[in-house]
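The structure under discussion is supplied below as structure tokens; questions concerning it will follow.
When the chains are written out, they are named A, B, C and D in that same order, and each has its own residue count from 1.
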Amino acid sequence: QSHASADTFIFGLLMVGPANDHGWSQAHFEAGKEIERNIPGSKMIYIDKVNPADRPGVTIPFLVDDLVSKGAKLIIGNSDDMTDGIREAAILHPDIKFIHISGDDALNPDSPENLSNLMGKMEYGQMMAGFAAAMTTKTGKIGYLGPLINDETKRLAASCFLGARYAWTEVLKKDPADLSFKISWIGFWFNIPGVTSDPTQVAKNFFDSGYDVVISGIDTTEALIVADQKKKEGADVAAIPYDYEGACEIAPDACLGVPYFNWYPGYSYFINNIKNNDWKKEWLWLGPNWKDMNNTKKSSISFKNGNALPGDVQTKLAVFAKGLGNESISLFTGPLNFQDKSIFLKEGETATEKQIWNLPQLLEGMDGSSK
Amino acid sequence: MDVEFQHISKNFGQVQALTDVSLTARSSTIHGLIGENGAGKSTLMKILTGYQSKSSGSILLDGVEAQLNNPSQASNLGIGMLYQEPMDFPPLTVLENFSLGTPRQSRQELHFALKTLSIRFGFDLDPDLPVELLTVGERQQIELLRLIHCNIKVLILDEPTTGISPAQKEALFPALKQLAADGLTILLVSHKLEEVANLCSEVTVLRHGKLTHHTAAPFHFPKLLTAMFGFVPKRKDKGSARDKGSPILICKNIEASGERQGLHQCDITVAEGEIIGLAGLDGAGQSTFLRLAAGLISPDQGKVTLFNNSLPHGAKAYIRAQELHTSFIPADRLEESLFAGISLRDHFSLREEHGMFWQSRTRTRQRTEEAITTFSIKGTPEDLAEDLSGGNQQRLLLSLLNRNSRLILLENPTRGLDIQSGQWIWQHLRDELSPDTAIIFSSPELDEILHYSDRIIVFHDGNIVLDSAVADTSHGAIAAAMTGMREGTP
Amino acid sequence: MIGELSLPMLIASVLAASAPLIIIALGETLAEKSGVINLSLDGVVLFAAMAAFVVAKETDSLLLGFLAGGCAGMLTGVIVGYFSIYLHLSQVAVGFALSLLCRDLAYFLGNPYSRIQGPTMLSSKLPFYDSLPSSLQIILSQPLTVWLALLLVAIIYYFFSFSKAGLNLRSVGENPAASFARGLNPAKIQMLAVLGGAFLVGIGGAAYSLSLKPGWGRPQGAEGIGWIGLALVIFGGWNPIRVALGATLFAFLQVSGIGLQDLFPGIPSQVFQTAPFPLMIFTLIFMHFSTSRSRKQGYSSSRLQRLAGKLFMSRAPKGLGQSYRQE
Amino acid sequence: MKKLIIDILLGSLLVFSFTSLVLLIAGAPVLDAFKHIWLGAFASSIKISQVLSVWVPLTLCSCGLLFTFRANLWNIGIEGQVTMGAIGAMAVLRIPGIDPTLTLCLAFLTSMLCGGAWGLFAGLLKTRGGVHEIFGGLGLNFVSQGFILWLIFGPWKRPGIASMSGTELLNRKLWLASLPGWRVATAGIIITITILILTWLFLQKSRLGLKLKAIGQNPKAALLYAISPERYYLQSIFIAGSCAGIAGFIQTTGVYHRLIPSISSGYGYLALLLVMLSGYKIVLIPILAFFFASLNVGAIQLPIVLQLDSALAGVIQGCCVLCALFILGIRHDR
């Protein structure tokens, strides 16, 4: 009955999109639920659609005030766009801990001590997505439904492209010139009418222009829904959603698979640290557990095969993943050029984490705007 | 079908438009209904068509009491009316206007019907032209044809000949007679005694909502005129005759549009100190002339000169006219000259203070109170304009007049006023203003014009048909000019 | 050609994207021709889209979904009609308040149904599909809503121009007092027009959630469309064919806006997304000026000039915005 | 007076029943929902100060709208006017190296001018271009939306990344200060109260207010009093735009401390509803604005506690206006 007993640990989750978006926010939501199930006494309070379009006039510090008044000891903000608000709130509430997903404030010495960053190495997930796409495309045209242009989205799109090019040239042994990889940025992580491009329309345009696989880099599932519609109308197309393990469920037959985040390992790491009074400001970038990629307790990143992915491709994808895991396949290795033909990596050179994290522009061979 | 009105009364709020009117129009006859403006003719007819509801009384058709609550019921019973103001749809085409309210028919059939009827009545109508491009007369023609096409049994014509050329009249009149002969009951509302005499077998006269005279042909015109306009009042003493000064308003060769007929070849010169009454039927051109002089409309042709300054064209004209000490009071007080929801004090504030930022309560309040006593307005400074009675609204407007005005234009200044208020207002206008101020006013009441003006101008269909000193003309001549008769006819 | 879209694909996309908008704008035209401005469109579209999706999802029937959308629209039509025709309240005030209310009601009630898979209307093949050249195949494989929209253009054009009921409706919009004098019941006719129009608006909303942007969510993707619909009616000069052409033009701007991103990489893509809205509305200024000029031509005796005048002339029904009060 | 109380009670009952019905349809606990909205708005002083921070822009916009409504104009473009005010303020705030207080004062003035100019634009579209102010205003709302996006993603983007989260945070010296423990800019409250008083003075005491009323009631007669409707239409919409511009200034410097795409937060549209509900009476504006603001703030609890959508606030607000109109309608009909 007494909800404030000593070992109750309340944490607040601020999600940028709807908790049931079959994407980014739902992945966080499910991880929070998983925490509640696995860490005794833990309780999640959450609020979704924390973005200025859905909740005009509502600021992050205001929501944090509210969650703190409900007893939250830890606040997790799941959007890049919450950077300023989370930092402001962290300054206002020095005794509450904050995790900002996807930023890098913690690397900044001036940032508050109670604020850490967490991110997953989705680069690997995207490489596998690109691989699956290139292995299945018939037209050699892959569309990438991009959100907005920033360092994170550029490196993810580039990873996806590298995965696709690997499959195209190394596995299928085809001419790289025949692979077209095109990015269309809609302007935000999900559709805001009159502000972003309409992702439904963008996906339609992709399919109508001969792209037969569309990879979604946005948080919502429009690409998959359109692919499903087209498929039911008889077109041979498919799509790869993003973020959430269950994303394919909305249209399983048009889904090649989904690269997804599993936030449980990161969350539980921080919560255990807080409970053990071990909190320190850190910047955490967690990758897949290559041995047991689909284990929700261990692996932060994974790729789940979809119904539309042929069996032989599934096998080849497993081999590819294994190669990534034992580093026999290293895709961020030269020679690699930027989109403007300037040199990114020389022959044999491998990119550092920092180089990848701060990727300045798209790579040569990718079609789409870099800024 | 015989139409029998029994003890019909109608009031609009406090306005008693009809009082206990009983009359019978027999089938196969044309029954005339005459009376001055506002006598209640149109109201009586609208009650017959169900367009307006009656306050009391009943209507019998062929001796049976009829339910006439809306036009639909009336037209099902075979009653159709040609309204005084065109009741049509200006943007729609002639054919569409013709077909609205008639039974369902194909386009070809309608086309054919319109054509045959046009030929029969000698009208020339292009079925595809939007009605707004037609003259009022042509619009009434369409409506007439439509009614006849509907196979009605009772035909009401409210001023059917406005804007119809003599040639068309020659086609229309025999046709109407033929319709009556075919068994129709025709009720004809008109101001034009010639027409009534020509067409009707019986005539009823209304005055102030009451039936004053009923007679069968042959008609004695003076008797009808007396029943219409009341007795010809004896000229009372007007006070000292004013001296005419130098000309202040000169209109030369004006052509303007407005009202029904616009204005044509209008030449008027007004001198200081003159009081001019404008007579004529409703919409014959008086209002257009007043607005032209006030600068509210600009002439299509010709020039208006005020105090030796010619008025500019467009929106600036009104401001300029005001600078030249001209004031105008329109007839429709709440529609055009007062702000319904604004207090008397604020009207003064709006009127009198210029170039000031704050309202000054005490000063305007004082001024308003002064005006309320001087003009005996029944109200307080904080009353809203809409709460005043009509007479008091008129007094308010007069009190808002610029005191330095040298030319005052009044549109029907005693509209809706009782005799006492009317006299009070005239006394004020004649006595309080400096003797070199000129006044031009229009009025539907001949008595008023004869009584208060020095000079009378009669308009008919946009033309000036009579312009003479009041002393030089007679009541009969004016009434005749107003009804479109030339001087000299009986 | 915009971006990589081939011409037939572009035409097909534009047709598909314009269909719901055409239906919505025609619904508003119907109401406005009778003299009633239904300003609540923007919210009603969303409300109907939500209702349609929820019902279609629960019953697994597209037909019931569309009907539910239409009925949801009609429900709001009852409010607009009753308030403005019988209570004589300001049509603008009622419409605006209702617009915001319906939008939020849709978000509130639709919340449990957001972002789930539901029935979707697919494009259907025509019977003689296979015998057509491939570009025509592309253009003509459209969902039923497109055919419905085109059919409605024809029906409403016929209704206004040739039918007795349509003439009665127009007459009420021009001069309700005169209509009354000719035995019509203006209030009843206006109410029917508002209800019919609102039903179409509802169908248009349903076309969003069941066909063009399948599914429900916040945002739905149909935000702002109602305002565009209202502007289109003016743009189209209350003429169903011109209204439909306007809707097509707007859809073209929206579809091609995505391709323009590639042509002008320096301009943020968001700008292209907002562009069609102001463009649409600024054409209204053009309409204003060209109208005053073409009104004269419209009545010219030369047939050709009359036609040209008609193309650009636009005039609101004379009685628009006022409701008739019988004495 | 008695009639008024009956009307208010009747209206509240209608609103309450409709809202309960909506909640029942959504399968939500009716009383709980109201309770949480109440607690969410008033449970602590922080929450009340949140309510006040919504109250400020709402009241400002409403004050402006009183001018345009008085002239019988539908200034639906008020959203864009808030946005342009915020942009104007930001343009000044970005200038480096001026004294912060001076910068803030300049930003305040610029925001007024920008908002006003944007209003004037809609007014000119009406008087000169023949575009009804509703459509002109809407069009300009979209234009201002495009403009602010272009700035945020173009010239004013934060170093490295352009994002929907807006421009870079302002220097803390340029934040409007709030009292310790309060979340609302003190200056915002003071400005709002000042504008309220000024609005009251202008509308009730100045000849401008009177002339606007005259024009709103009867533009035809206004001409007879040598009042040019066009001029006063423009004046009123300029004033409305300026008030909205101030709201944009406070949103930028006191709430978000940066420029974000939806800086106007829909307060303009909400203010339109609010002014309609108030019956265009200024005494009711601050009270109703507080009511609307507390609904907005309190409704955030619905998703947190009951997993409902917070759009219920908008449902209640819209319903209030419709019920008020309805009661007005049946009273007039009698």
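The definition used in the following text is that a contact is a pair of C-beta atoms (placed from the backbone, for glycine too) under 8 Å apart; a residue touches a chain by one contact, two chains touch by 3 or more.
Treat the numbers as computed from the prediction; the structure is a model and nothing was measured.
> Chain with the smallest distance from its CA centroid to the overall CA centroid?
Smallest offset from the overall C-alpha mean is found for C.
> What pair of chains has the most C-beta pairs in contact?
C-D
> Report the inter-chain centroid distance for subunit A and subunit D in whole angstrom, where each centroid is the mean of the CA atoms.
So the centroids are 37 Å from each other.
> Taking each chain's centre as its mean C-alpha position, how far apart are subunit B and subunit C in Å?
Each chain's C-alpha centroid was found; their separation is 45 Å.
> Can you compute the centre-to-centre distance for subunit A and subunit B, using the mean CA position of each chain? Integer Å is fine.
Computed value for the inter-centroid distance: 79 Å.
> Could you please state the distance in Å, as a whole number, between where the Cα atoms of subunit C are centred and where those of subunit D are centred?
So the centre of subunit C lies 29 Å away from the centre of subunit D.
> Which subunit C residues touch at least two other chains?
Residues 218, 224, 268, 270, 274, 277.
> For subunit A, which residues are shared contacts with two or more other chains?
Within subunit A, residues 49, 53, 187, 192, 194-195 contact more than one other chain.
> Residues of subunit B touching 2+ other chains?
none
> Can you give me every chain pair that touches, using the contact definition above?
All touching pairs, sorted by chain label, are A-C, A-D, B-C, B-D, C-D.
> What part of subunit A is in contact with subunit D in the complex they form?
The touching residues are 45-49, 51-53, 55-59, 61-63, 65-67, 69-70, 80-84, 88, 148-151, 187-188, 192, 194-195.
> Flag every residue of subunit C that touches subunit B in the complex, lowest number first.
162, 164, 167-168, 170-171, 174-175, 177-185, 299, 315, 318, 326-327
> For the complex, which residues does subunit B have touching subunit D?
Going through subunit B, the ones touching subunit D are 296, 318-319, 322, 328, 330, 335-342, 346, 349-351, 353, 356-359.
> Quick check on the complex: what are the subunit D residues that touch subunit A?
40, 43-44, 46-47, 50, 54, 142, 145, 149, 153, 160-166, 169, 183, 255-258, 260-262, 264-267, 296, 300-301, 303-304, 310
> Note which residues of subunit A are touching subunit C in the complex, please.
Within the complex, subunit A contacts subunit C at residues 18, 20-22, 49, 53-54, 184-187, 191-198, 200-202, 204-205, 208-210, 220-221, 225, 228-229, 232-233, 249-251, 369, 371.
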